[in-house]
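The following blocks contain the structures, represented as structure tokens.
Below are two complexes that have subunit A in common, paired first with subunit B and then with subunit C.
And now, the complex of A and B:
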């Protein structure tokens, strides 16, 4: 086995998941100007729901998957509709704190549901792994890479290429003006949160059979998604590339320095982002993004 | 001694003795010790988050870093006090640079950056088992020999010392500055507050509280594990501040005591605890703006009123009679030139994504002159104000204030020369009128003592006819009063240049008269005043000269009487208005 090709393959797989997560954060940020710290919970909710239903072995797996995606979408929209919308006048930090509290609440719910141990469910596609240049890619991984990047790439196309997508962006840039021009800003936000929820859930459905999920995976996922989105300057197309880079970078670190180095390295990437972002700050650090 | 003080003393003593009695189930000496130490760290987070409004999610990480440092050095046989000093120093350096990196960026970056710091600390503690003990943790032997009651005393003394330091530090000018930053960073910078530096300092002080508390806790418990520095513990700290009442002095103690006690009586390991904890946190964020301390404070004030009778005169009133000459001195300060040109704007252009918002605008304003900028909506007046005060960089051209080239100065550095009001007043709602005005004096008259600054603020407020509301909290004022207070704040301390953004909008006829006399007052004190205004009659009455902008271009300048009569101006301006 060749560690380099293996690292590249798992890097691309993780990159596909991060791409789906960061694209969700970006589309929500673009329409509602909030970084949703509860975003990664859509991943852990969906993963936990499928795992729980699959373990019961009464319903077919595709029913479990549909239920999981629906649950994630409902949660994501509920954050917008019931937590954020009534408090849109609150300060930026207060809104971020609300999403963090929602994430913490979901940690509690999932802990009650699945306990402290990681859970998983059988792969959707089985079969022998593809062996390429000394690396192995399970069919499930290939499915993940293809679906992940296709869905992620669909978002920038949707935002710039369709009337509905342009309305979403208009709703973000100037909500009042957009409202006057007939764009339903509230509906645009619900749509954005809904898409984000669905993407987080699909990411979980595809990845959890390979790496399993526990009750606080969500926050890790939010952080990875945020890092990719922040590296990309909140641009959807760049977010996909940065996710791929993040996935590959993490895979290399894990391969050559061990799994324990994965979390510390995240902090160094964050430092890099902060330094990079700080170059624009001229006026005593009072500007907002 | 007032009756309320006696009640307070009894309550404090009862609180200290409580763990030795069995009156509250589960509230043992051991639990109280942990509560005091966690509360000490939460005081720091309260300063960062509750008072200043920075969302920091790494407080627990700053608790374990010194513990690990000291523990590891101690194991290497380095003298204990040397390793304590080194451990605290390492923590403070880490806090300083983490703060410097993240506090100037938008709030989410500090939140995620500190979250990442927690992952980093936890990961490193786990990743070097030969030094740190890995997942099973690092053992601290030295605290073992000390009895529980002795530890209780140590924790109590540390907590009281921490509360004492906090209350000595976070008051007066520093408190006002932090509340202003919390409410509105841009307004804070325009008032002359170095927002970035102040936030950095607050973050460092907050981390120092965590460091001391964490070190004591590690030696008390006798063990530090990687999870102690992780995200969950940091969020717990945040929950303690939230539930206790962010920004309240007793908030951290109340929040920590209640939450930790709840953990114990519900059983920390029970599977529903995390759910209850998440629900409590969410509810606190959504509905409990002032936390437990908010309720207690309300009840306490009521009790105080009943026990002590109505409060007597406010102390600041005596200060006013004591120190009126200060303001006069301030007006005649020699360091400001008061003749010739005050503001020189030359060839200023501004481009937004290809749209030319300002096209080579130039004018100058003398000291002691009132100058006006008029033009229809979107003419670029506000952009011009923002460029002069440093909020936006110009695409070309330069600005001089009182002979100083200000292009390279930040908003807060320029504020030394420039006082500014806003279209919609940006005051701190939970501070009084005097406090709001004093914030400005804190920045530009730092050589005065606290009481002199308050006295000067009182005097200025009185001279603008607002004496009646001087000690009123701003959120209780009318819209017109907001406007006048904002104006007072812009004018206090006689800055060389005063920028007023639509000062007459929303004022009653009486308030408009106030405004006129205020402007004349500023003029006689030698300040240059620039007004952006829609009320043409008002402008024509107070300003001698002015400039007319249309679509970013200057279309006329000169005496107000002449430019307002000009045909092209009437067409551009009044045409647009109709």
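And now, the complex of A and C:
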């Protein structure tokens, strides 16, 4: 096997998942101007639901997947409807902390339901891996890459190219003006959170069969999605590219510097870029970081 | 007369009080402290081993205890972290535990050891520790070096001179890697080693780095996270034999990897996993008795970890039965160093070595048709 080729393949797979997660964060930010630290829990919830239902062997896997996506969407919308909307006048920092509290609450719920062990479920697509230049890409991995990037690319097109997408952006830019123009701001936010929840869930459905998920995977995933989104300045298209870069970067660091170097180097780069761009980081507008 | 009556009454009262206090003292249970990762990433290790201990205590108490005293098993969850382990150890020390049984990981045991400079005795199962004979720590399992030598013997018997290995980045992994280099390299086995972080959810890159043209791979990574290595192994479509560490030879772990089972799954097991490998009649009888009781209570056969818990229980029982004053740590230590422990394996400590088992207790096993058997040769 060729470690470099394998690093590229692993990096692209992880990049696809990070793209879906970062896009979820971006669409919520572009609609509600809040960074949702509970976003990664949609991944954990979906993965755990599918794994639990699949292990019980009473329902077909596709039913489990639909239930998991629905659960993730419901959770995401519930965060908006019951935690953030009643407190929309609070400071952004306070709202971010509330989403963090929601994430930690889900940790406890998942721990109670599935315990501390990691769980997983069978691949949706099985078969021998595709061998290319010394690397191996399982069929499930190919599905993950294709679906992940297609779904991620659909969001910038949706936000900029459709009336509904423009409404979502207007709801964030100036909610009052948008309301006056006939945009239902609350519904726009619900839609954004719902899409974000669905994306987190689909990421789990595609990736968890290849790895596993446990009760605290969600925050790790949120962090990766946030790094990509922050590097991209909350721009959807750049978030996809930064996600791919993050996935590849982590893979190369692991390959050439070892697994322990991954987090320090990735976060060092993040800090470096943040410092470099500290005057220029935009969060979807003209405001400074 | 009056003073005599008074004195008689006083005497009766004193006798009554004395007998009550003796009764109260006799009824005071033996406190056996347990430190175990019941939650956290190592929970699969702790839960299984502690289940064996709880079964032991329950059976003993149902039979009347030891010397008329019940066993109080005080299980403290260290979550596999050194800081929680220290809290647990302090709790057991404050409660004057007669003995501490620790089935947690090496980093937590090393954190506790300095607290035990005056006792009580602590007995562990982690093969990484290799306790200092001057300390109050004893290890019932064979050392990791001996376990690694058992793998070397299997490789040499199969004329294999190359090995891929994955170890974790924690203290246990550090010891695994060090022992592997100490054992394989001088024996002429070329070792390709990669490390994996406990939180990693993908080991494809590490596997790609080490598998190369190696005919066999050994994952020394313990705990549920080892499933990551197995999954990644399957993702890459690898077919070489895969050797698991002995901490992962449990039904819980097999359930975790059931959708990703390698074509040939081997493990570094202890003989008492397979009754046919236990030759001593006494050991075999004790093993059978425990297996029957465990199956009845837990509705599943005992895993290797549960069986390793039995060695802790047998050591504790031997101490409680035979040491006059279990609060005297020096006496307990001297007893353990001079007396073989009757268990499901030969356990023999000495003043020179606090490791109770040797290489003769280890076998390479293979998972076939849903259960472990003696490993076939590598073709």
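Going forward, the second predicted complex is superposed on the first by the 276 of 289 C-alpha atoms of A that agree within 3 Å, B and C clash if a C-alpha of one lies under 4 Å from a C-alpha of the other, contacts with A are read in each partner's own complex, and residues count from 1 in each chain.
The working rule: contacts are C-beta pairs under 8 Å (C-beta built on N, C-alpha and C of every residue); 3 or more make two chains touch, one makes a residue touch a chain.
Here the structure is a predicted model, which is why all the values come from computation and not from measurement.
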(request) With both structures superposed, pick whichever of subunit B and subunit C touches the larger number of subunit A residues. (result) B
(request) Please work out whether A:3 is in contact with subunit B alone, subunit C alone, both, or neither, and reply first, second, both or neither. (result) second
(message) Once chain A of both complexes is superposed, is A:115 in touch with subunit B (first), subunit C (second), both, or neither?
(response) both
(request) Using the touch definition from the top, say if A:129 reaches subunit B (first), subunit C (second), both or neither. (result) second
(message) For A:107 in the superposed arrangement: first (subunit B), second (subunit C), both or neither?
(response) first
(message) Touch test for A:152: subunit B only (first), subunit C only (second), both, or neither?
(response) neither
(request) Please work out whether A:96 is in contact with subunit B alone, subunit C alone, both, or neither, and reply first, second, both or neither. (result) first
(request) Considering only the touch criterion stated at the top, classify A:35 as touching first (subunit B), second (subunit C), both, or neither. (result) first
(message) Contact-wise, after the overlay, does A:262 reach subunit B, subunit C, both or neither (first, second, both, neither)?
(response) both
(message) Going by the contact definition given at the top, which residues of subunit A touch subunit B in one complex and subunit C in the other?
(response) 111, 115, 258, 260, 262
(message) Which stretch or stretches of subunit A touch subunit C in the complex?
(response) 1-3, 5-7, 9-10, 14, 111, 115-123, 128-129, 131, 134-136, 138, 140-141, 209-212, 214, 217, 220, 251, 254-255, 258-260, 262
(message) Could you list, by residue number, the parts of subunit B that touch subunit A in their complex?
(response) 53-55, 57, 101-109, 111-113, 115-117, 119-120, 122-124, 126-127, 185-186, 188-189, 194-197, 199, 231-232, 235, 271-272, 274-279, 281-282, 284-286, 390-391, 393, 410-413
(request) Over in the complex, which subunit A residues touch subunit B? Could you list them? (result) 35, 37, 83, 87, 91-94, 96-98, 100-102, 104-109, 111-112, 115, 215-216, 219, 223, 226-227, 230, 258, 260-264, 266-268, 270-271, 273-275, 277-278, 281-286, 288-289
(message) Using the touch definition from the top, list the residues of subunit C that touch subunit A in their complex.
(response) 39-41, 43-44, 169, 195-197, 199-202, 204-209, 211-212, 224-225, 227-228, 231-232, 235-237, 252, 256, 259
